[in-house]
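One chain, subunit A, links the two complexes that follow: it is found with subunit B in the first and with subunit C in the second.
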Partner chain A sequence: MRDTLRNRMGWLHSWVGFVSGLILVVVFTGGTLAMFDTEITRWMQPELAVLPQTALTAEALNHAGEQMQALQGAGQMAFLSLPSERDPVLRILHYDGHAFVGPALSPRDGADLNVRQTQGGQLFFDLHQSLYRGPVWGNMVTEIVAIGLLIAVFSGLVIHFRNLVPDLLLFRPFAAPGRSWLDAHLMAGVLMLPFIIMITYTGAVIHGPRLFPMISNGHGGKAANRAGPDKAHGMASAAPLAPMWEQAKAVFGEGNIGFIRFEPRTISFYRSDAADFVMTRDHVDFSPRDGRQIGVKYGERGIQALGGVMRGLHYARWGTTGLRWLYFVCGAVGSAMMSAGLVLFVIKHRRAHGGTVKLALAEAFTLSVTLGLPVAALGFLWSNRLIAPSLAQRDLLEAKVFFLLWLCLLLHAVVRSGAGCVRAAWREQAWALAVLGCGLPLLDLLSRRGSGWTPQLDVYLAVDACAFGFGVLAMWGQSMIARDR
Partner chain B sequence: MTRGPAKAAAKKGALWKRWLSRGACIVAFAYLATLGVFFLAGRRPEAILFQSLGLAAMPLLIVVLFALPKGLFRGTFKSGASLVVLGVSALQAGIF
Partner chain C sequence: MIAFVALLCWVSALLSHGLLQPKIQRLLGIGNRHGGLLQAVRCVLPVVALVVCLRQSMPLALLLWLGMFSLGGLLAGGVLTLASVRARKPRVGA
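Up next is the complex of A and B:
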């Protein structure tokens, strides 16, 4: 090998791509699923399936406000999430270190709906943004791999610059395995290039402060401006929420209030993230004693709103369902592109390092992020329906099932690739994906039979159909692996 | 028969080590350069714009520096660019 530009770029692309790629597949898959985190949470709370669609009433809001004030009196930090098009219930939420969890209340009268506790789609959100490792180290790792992805993309562009158009058109699924994986990697990479650059760059900017602590994340020191705990005022919040809600609606518009935060000196009604493309934290503050409006606080404006633009582009909470599906498809194709890159890396090194422990580990990690992660995600959905709804701390148990299943699949991959049967391991995990995916609609049907299952186009059908689709895809994939034998 | 492949493998290994050390130097350089830009822009009202651009420029800088031929790469570092970058970052961080 000579020291030429193409070789240097190839080395940079393959090694940075592989090392970052093992984490990036997890980040991308988690982010893709987190695009529908609210809908997944609803699927994981089947008790909500029979809830009639009702608008939020003043009675429900006041009742929820009383519960919030009781929690505040007990020293618990929580906030109230208002019903929206995506999530039609009131929720009292607190952060458990990984997800916002808490009871769901009826928007008609504020009564507790007794839904099962689950981290729901937020598990995937946390996996996406911090690999479930917390906001310091987890965010830092995702930030580093995001920059790694940008390096891999730029170096990949230098390598393939002359062939971008042919790469977009050429796909030979029935060619030799190495060739077809390369075609898939190149085609998906070129097709999704604008999306991948946009989503990675905005993600890197959002988590920039983790790597460069001196820079602002665009929230403008929101937390620092807030009043600290004040025991003299802490118990004084007794004003009903409904009149405040009406005033807040007059400021931000009907349906544009996202959540309510309760603090010792203020009750703040925050504008919904879905209200505008620029994601800010505009809020109207009220006095908890008499409900008097204290003021309206707007987020950054002008050039300072750039942080909000980045967050708006990345989270797409302002988008319609169609846009979220577009992000979902682009994210899924992006994950597939990275997985194909990982497979290409191990195929390339199989010739020189076949039978070594290093390669066996590389093969095992590749398999466990490519197929092991989706299998564990489906296992997480299965555990939601199989674990008793009233079990204490069942939300943590579900998360444990997800990670334990994923660990088991990693061990399976290590053992099988260590024994030189990596192809069989791919087939076995593809079969697991097929069985869990194709069986999920049946599980949904059986577990919701008692609560009035009706066939209609809703989040339940969408999740079932997606799981079934991925199951069928996995079945086709394992037959392709068998054919190449 | 064995000398040819062994020689090629040794050459490849040497190249691998050289690229790895070059990569480590470049990443450190790019990080410090970005840090320096952030410190310089920190007090300006449009700092967030510089910060966003800096985060886009950092991976680009890494790729561009890695693409430089051996002689040009050494020349860039020998010319004192790394000292300037280190100096600006250290000065702005209040080390001196």
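Up next is the complex of A and C:
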């Protein structure tokens, strides 16, 4: 009876795990990188490296308010992001369908800093959240694979129930390849179990209303649609923002204002996501005509605040840098665990289906999500420094480089797997990762030479060091593949 | 500092747990010595880590405690793997 259950769970774990795993590795890798999306965006705007650290001034805020007023007059929907510890500039942002993009302004005087346009780290956020396929289909797929992950975790626990605790730290790299990969998969899976369950469950719940509209509040889990610019009322912002900012600070506290939205009838100062663990959309509203405070609107309270708790746990925007690193490491190990599961699946099926097109495709997809995606991510960073900063729509071009490179790596994996050279394909893509990763600090140094490169512990050094570390890891990995030949 | 102490507690507890497992004992070529002490360390130190983490506010304390379990497990697993590879070399050579 128990063995029958284990066999059935084995089949479920194997197939649900493989099919969802191909997408989950992308979602997990994207989410891991998105943990530092703001920092990646800053790395991708090297013009900000020389900006002196200054606090936001009333002059800068009023100047930014005038620019917002002009945009509102032209019928453009945008909002103003205020400086924070993670991002020390003002930003006028609009949603381009994938990311919030727009000019960065100096927090000292509100002048345009002329930074290069980029989707930055938000590309990874969009990849994580909706696979870059938009809020309907993309979200739905990620929701479904999140449920697939929960099924795979549950069935995996049933299969290995007896050995979970005794074999918790058992890893035998010298054993047969199948055994080593299984050890790695189990060890990482069990050690990361609390994180994986928490992050998957909260992720599924956050977008649950999209998948199950019957439990939603009638608008697909999104905030109610707000009216666009209402020219009929002609109530564009005229009052200066600085006095409103002072009043909003009195409500939410110093440094706790995240962004400002401009509506036809109100200017709303929203509480920062970093202000509290429970992520809400509390805001103070002002009249755009005379700057008079209209009211304070608090979001979900009581049992409905559970959504804010889920978002707070999932996004961890309230957390310290240390907590974000913890999420980053757990996410990276989680991705590696899923990749190990994919490799186990293809190893298991090599004996029965070796040489078939189906297996070659499975091998190719496994390789392209495991190594192809990180290579494409590094290619995205390289393109940021190689594409001219002033080129029109360069942000879209960078995204195209990312996806084209990833497609090329998939084709490479398909061709090499089809020719029966899958190990060589793994080594070649590992080499590509090593070259791009280890070369990134040099590229950063050369491309920032003119704009004042200084060796200091900042986001630039952190991104360079991470890329270099992954490059070294890839070099070691390819040497291990070569040694096992 | 709190995170570091919690990590240290988890690494020690999980190393003790690993050293108590017959498969790992065989890989390392060691017997079941100091079993009582290892069991005590395995049981007590996670609780110590929790007490230390609770000096932070909730839910950071819980996230930290669980996160340090994951990181500590990876470190302890890495140490045991290195030890088992080193212990294996002389036997392979012989």
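Quick notes on this structure:
FYI, the second predicted complex is superposed on the first by the 462 of 485 C-alpha atoms of A that agree within 3 Å, B and C clash if a C-alpha of one lies under 4 Å from a C-alpha of the other, contacts with A are read in each partner's own complex, and residues count from 1 in each chain.
Criterion: a contact is a pair of C-beta atoms (placed from the backbone, for glycine too) under 8 Å apart; a residue touches a chain by one contact, two chains touch by 3 or more.
Everything numeric in this text was worked out from a predicted model, so none of it was measured.
Superposition of the two complexes onto subunit A shows subunit B and subunit C fitting side by side, with no clash. Of the two partner chains placed around the shared chain by superposition, neither subunit B nor subunit C is touched by A:Asp273. In the superposition on chain A, contact is made by A:Met9 with subunit B only, not with subunit C.
Legend: residue contacts after superposition of the two complexes on their common chain; A:Leu150 is shown touching subunit B, with no touch to subunit C. When the shared chain is aligned, subunit B comes close enough to touch A:Val158, but subunit C does not. For the three-chain arrangement built by superposition, the Cα-centre angle with subunit A at its corner and subunit B and subunit C at its ends equals 80°, in steps of 10.
Using the contact criterion defined above for the overlaid structures, shared-chain residue A:Leu306 touches subunit B, although it does not reach subunit C. In the overlay built on the shared chain, the residue A:Gly208 is in contact with subunit B alone; subunit C does not reach it. Following the chain A superposition, subunit B and subunit C show a smallest Cα-Cα distance of 19 angstrom. Overlap of the subunit B and subunit C interfaces on subunit A comprises no residues. Interface residues of subunit B facing subunit A in the complex, by the touch rule stated above, are 11-12, 15-16, 18-19, 23, 34-35, 38-39, 42, 45-49, 51-52, 55-56, 58-60, 62-63, 66-67, 69-70. Contact residues on subunit C toward subunit A in their complex (touch as defined above): 3, 14, 17-18, 21-24, 27, 59-60, 63-64, 66-67, 69-71, 73-74, 76-77, 80-81, 84-85, 88.
The touching residues of subunit A, counted against subunit C in their complex, run 166-174, 187-188, 190-192, 194-195, 198, 277, 313, 319, 322-323, 326, 329-330, 333. Taken together, the subunit A residues at the contact with subunit B in this complex read 1, 3, 5, 8-9, 11-12, 147, 150-151, 154-155, 158, 201, 204-205, 208, 212, 214-216, 218, 303-304, 306-307, 310.
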